[in-house]
Amino acid sequence: MYYLYEITDFLDEYLQINKFRDLSSNGLQIEGKGSVETVGFTVDACMESFLKAKELGVDLLIVHHGLIWGGLKFLKGIARKRIKFLLENEISLYTAHLPLDAHDEVGNNIQIMKLLSGSSEGFFAEHEGIKIGVFGEIEKMEVSELKKRVDSVLNTTSRVLNFGRNEIEKISIISGSGSFAIEEASQISDCLITGEYRHEAYHVAKELEFNVIFAGHYETETVGLKALMEKLNERFDVRTIFIDVPTNF
Amino acid sequence: MYYLYEITDFLDEYLQINKFRDLSSNGLQIEGKGSVETVGFTVDACMESFLKAKELGVDLLIVHHGLIWGGLKFLKGIARKRIKFLLENEISLYTAHLPLDAHDEVGNNIQIMKLLSGSSEGFFAEHEGIKIGVFGEIEKMEVSELKKRVDSVLNTTSRVLNFGRNEIEKISIISGSGSFAIEEASQISDCLITGEYRHEAYHVAKELEFNVIFAGHYETETVGLKALMEKLNERFDVRTIFIDVPTNF
Amino acid sequence: MYYLYEITDFLDEYLQINKFRDLSSNGLQIEGKGSVETVGFTVDACMESFLKAKELGVDLLIVHHGLIWGGLKFLKGIARKRIKFLLENEISLYTAHLPLDAHDEVGNNIQIMKLLSGSSEGFFAEHEGIKIGVFGEIEKMEVSELKKRVDSVLNTTSRVLNFGRNEIEKISIISGSGSFAIEEASQISDCLITGEYRHEAYHVAKELEFNVIFAGHYETETVGLKALMEKLNERFDVRTIFIDVPTNF
Amino acid sequence: MYYLYEITDFLDEYLQINKFRDLSSNGLQIEGKGSVETVGFTVDACMESFLKAKELGVDLLIVHHGLIWGGLKFLKGIARKRIKFLLENEISLYTAHLPLDAHDEVGNNIQIMKLLSGSSEGFFAEHEGIKIGVFGEIEKMEVSELKKRVDSVLNTTSRVLNFGRNEIEKISIISGSGSFAIEEASQISDCLITGEYRHEAYHVAKELEFNVIFAGHYETETVGLKALMEKLNERFDVRTIFIDVPTNF
Amino acid sequence: MYYLYEITDFLDEYLQINKFRDLSSNGLQIEGKGSVETVGFTVDACMESFLKAKELGVDLLIVHHGLIWGGLKFLKGIARKRIKFLLENEISLYTAHLPLDAHDEVGNNIQIMKLLSGSSEGFFAEHEGIKIGVFGEIEKMEVSELKKRVDSVLNTTSRVLNFGRNEIEKISIISGSGSFAIEEASQISDCLITGEYRHEAYHVAKELEFNVIFAGHYETETVGLKALMEKLNERFDVRTIFIDVPTNF
Amino acid sequence: MYYLYEITDFLDEYLQINKFRDLSSNGLQIEGKGSVETVGFTVDACMESFLKAKELGVDLLIVHHGLIWGGLKFLKGIARKRIKFLLENEISLYTAHLPLDAHDEVGNNIQIMKLLSGSSEGFFAEHEGIKIGVFGEIEKMEVSELKKRVDSVLNTTSRVLNFGRNEIEKISIISGSGSFAIEEASQISDCLITGEYRHEAYHVAKELEFNVIFAGHYETETVGLKALMEKLNERFDVRTIFIDVPTNF
């Protein structure tokens, strides 16, 4: 058993929570009970995750997408229902959005690179002064082969814009929504791996003659949480659970 | 019995909630149960008011000082405890801050003028494009007499800066914290009646040779709520209760 | 033959170009030749559209997504290539982004409503003071039937989140990316029809027990241009062409 | 006799005037005569202080609350009268607001700690990136005893919110108006000592079961000036005078 | 003899002082004596004007360029000397910057048009939502002839960029510094008349094949003051004086 | 022959392009052909310079005043004509505005100091955190002599405000438009040398009893480019050309 603050203090420091300017309120968004035995990890702060968390006896739930973006003006509708559930069940909600994308050990992007057995060479795609994305080298393979590997390691079904050269050696990675950085990615890699498809990506990739693999918003953002889970296990003697709530959409 | 939205829609319109730029989130801050039989009115959103509200079976609590100022970043500490209590007990929290100071029927300032049997002549003390304060004429009296009347109608013990002329005919009123407008008040009246004492008021009043009566932050902000309570009673067949939680400080 | 400014002056006024605060520079973004005989209409400002426009002898190309968002800092890479092509070929580029979503005659949203034989009842989903979306009533039908109709009139293959009640009578519409307004849509309709799927939509729709039809970003934004094309034809004796560049993705 | 700039250059550097983002224009606000023999120190820039300064032959007056906050738009009314007096009498006005609250040697907070024979342990209560308040340990005593000591060393009559535990070992200090930081103070100390009472403090302290001593806005802000006076005496061979203008209110 | 406020109230309303967003603090910048017999008018708030104003017994000085731009942070150096002089001599300073450029009766631009016997057709050159410049028709003449007329009516020696057609029928006017609007001016007139030469004007005029007459910053800004002087004379029984302090540079 | 990026990468680093907050988009504003043999240098991005650049076979044109200030919203009129010309002729445009004023080796200000055989002592005149101007000592001479020297080394005809003492030993320099810093300059030097005359300079210099030499906006900004040209020649084996387009106005 640990005091809540022992764990959140560790997370705040390890994830450098205060270094990021982010619409998301990062850190302990909702304070639940003061002691923690079981820590849950899930991508989205939603009722489905919360119900499972409760069932599983989770005291502290760590998420990538929290409940508070840009400050809460009103507790009505969905926001109210979700917050009410957490408060009544005394489940704490800890959020790490950009800090978990960009982290150099457990970050989503560095973890995807690792799963693809690539070697990271640097960061790119700056957001408010901090580079979020990762790029580097992988074993040479064709786009179709890379798609298979991505699907396999992330357990997903990617969609591909195959407008670039077929041989891939250099990749760049931005979990979640990375279409905004396609042009920069095309200058440092042969293919961008990102999560969610955006309309604006199509013609940009086409005209740059560049490849983009969309591996799913959800799927690209589970890996950082899983790595963080391991890290927490090394450090604290708590029970940890990954709560998988894919949208399959 | 009414649907919650029937009452809040009325309040939003009657108080012109959306006309004001205010740090306070005005309107329904916390959504409780969907039906309303009992409406409570109190100055401050605090545990003491909430506990009484619960005891009295309040479904909807209308306050002057709500829980959300400038957007809520985190639900921790006091904020969490208060919100948790309201959510668990399904008490809705409706907030009217500046809209209740400045309202031309039930506003705190116009109501204080009325209690002093004065006749309002206009508004002053602009905040983001809207004038909040009220000024006008009262029966001629000495400062000491005016203090007595204020103490009597607001049930308070005022503190007085008596630096101006002793005969009062014109008064100006800003409930709560009105020291910022002393100079403007001195141009249109013989005495400002406001709530809370601020250090910056002393020398300004002294050099302007002007009178200020500090009638208490709490005390000057009960009257608008009481007037709104009456208005609501006229309009809806609900039980209404004023919850008095003075700080006596 | 018309002077360029005769047509752009008409468009500026008819579409109320200056009423909107929009990241997009709305109006004549790139000035081409001074006289206009052929006007092209296409959704995206991209090389594929430009090449077709050139082939078809287009003098003025009217688009929904232009080339300038938030001011151009540098003319490098793709931006340079696209602008160079237009300038060299003297093709003018006129952009109507939000003004074409929200227009009450030729707007994307009002046009989709019309194609579904619905009757508009009002606007919703405010952006910087202007409501962009449309809601109203259609003939009662099941979600699956509505999806078929949407697919048929927009020539698309929609994806559906069918979490709400099956009988649809009231619909709400936001072309392009409308996930941000699902909660508001759920209060005034049984189903939201929008363009692009966003990850954040899934759990919101699920918890609201609400239906969302994603008809494709591209497909929901062709209809306003087509309506504007008709309008222009009524008014000016020019040749008009719709340039279809779907992404099929 | 010194040149004015010799003294103001020293103050600018010693107080790190340019490190703070502050509504107050810190530094030499009003330039008077070029040579300085007598330096006055007073809390507020007001006519009463100015008249005494003149009588006492002050060339340079150093204050905590100056005349310019957020830029002067107009020289009318009180502002004009005060500035006119200083200019006509060639008295320079030097202002140190936040730089004098937070200074680690002569700051108001560190000085109050010293007067209470406490040992400072750190800073808290961040304002625009700089921590203003001081916290630390004192000899264990009861709240009532602490109040007596505060009253004695600051020559004041404090008001106390005694909602916390009676035994005090850790205290936190914010001169002037420190109610905004009660919650943070309650996490690192048993009692907050601050200057001015604010309505919002009451219920926060009550619900946190925390003690607050309000020692007066004026009284808590004399000590930094007195310490700075000593410092100046060590460094320059000038006559120095503390001008006491309490409001006793 | 009038109370100061009688005249400034009239000016505030007549010049619509509060309608403009302007770096200049428009209105009564420095309050002098309460009664007014003599009103001076001059372009620049500078010592030379002030000294003459004093000599001439001016109580209220009305200027185009005042002393406060964007808020005064410090009263040091020149700012201090000028303000000190006005305060000591109790000369009030009233400023009308953009309100006097753009006014439709006494504005600098409309007055220059009148002096050139032109007929105004409209306003152009928007600044924060208000159009400042004037354009219209004059008797047809050559550029060289227009320059002569400008020199004659404004008592100046203009510099001319004669890159446009020689026959002038339409002119546009912006007093002071109008180079920022050359491109707009070239679309509605044959020649822009403005005050001060700016480096950026040269190539813009050249490439637009457009004429610009630079009649001097000072000279283009005396006419509005003179017209306002007449207006004031009609309205108030005061002595008025125009104080001419040309820079001849 | 070099790749374009080899030269622009060098310039970005050598000129510390990213250190400055500047309205000008500094760096490669317009991308032309990928390889560079001839580099042109000119003060203003205008058609006259561009035509000469083309004639001379320039691949990359380096300017002080570029085409993009504060982001380009529309490509119309002059902006369009200029950009079209560059794009069609594949001439790259590289801009160094403040970075070239303030540079400590090739900056305009340090270069003017050098041409006057002065010794720099420091920087002054801060803009967004960076000091732009240079001050230092020269051989003692009279103002009239200094004017002659300035005219000779800059090949210009200066205008002089000779309000200060006649003997000059200390000078301060701000190329282009430096009137905003006259007061600061007067505290550290006997004479300011700047480019463009501004109306506001006259009375400030007069009241400060200070000298200002206006050497021409154009003329004061050729020297940095010429020094940069030399630097580039040392580093790269390219043909370089200075394109002189004075305005003589």
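Letters A, B, C, D, E and F mark the chains as written, and numbering starts fresh at 1 in each.
Going forward, a contact is a pair of C-beta atoms (placed from the backbone, for glycine too) under 8 Å apart; a residue touches a chain by one contact, two chains touch by 3 or more.
Listed by chain with UniProt protein names: A, B, C, D, E, F = Dinuclear metal center protein, YbgI/SA1388 family.
Predicted, not measured: the structure shown is a model, and the values here were computed from it.
Where chain B touches chain D, the two copies mostly use the same residue numbers: shared numbers make up over half of all numbers in play.
With centres computed as the average of Cα coordinates, no chain lies farther from chain D than C.
These two copies of the sequence, chain A and chain E, are related by a rotation of 180 degrees on CA atoms, to the nearest 5. Between the Cα centres of chain B and chain F there is a gap of 60 Å.
With centres set at the average Cα position, the gap from chain A to chain B is 46 Å.
Here the CA centre of chain D is 47 Å from the CA centre of chain F.
Each of residues 77 in chain E touches at least two other chains.
If touching chains are joined by edges, the resulting network of the protein chains shown is one closed cycle, each chain touching exactly two neighbours. Each chain touches its two ring neighbours, and walking from chain A in the direction of chain C yields A, C, F, E, D, B. Across the complex, chain F is touched by residues 44, 46-48, 65, 77-78, 81-82, 159, 161, 176-177, 183, 195-200, 202-204, 206-208, 217-218, 247, 249 of chain E.
Note for the complex: chain A touches chain B at residues 25, 27-31, 68, 70-77, 80, 83-84, 87-88.
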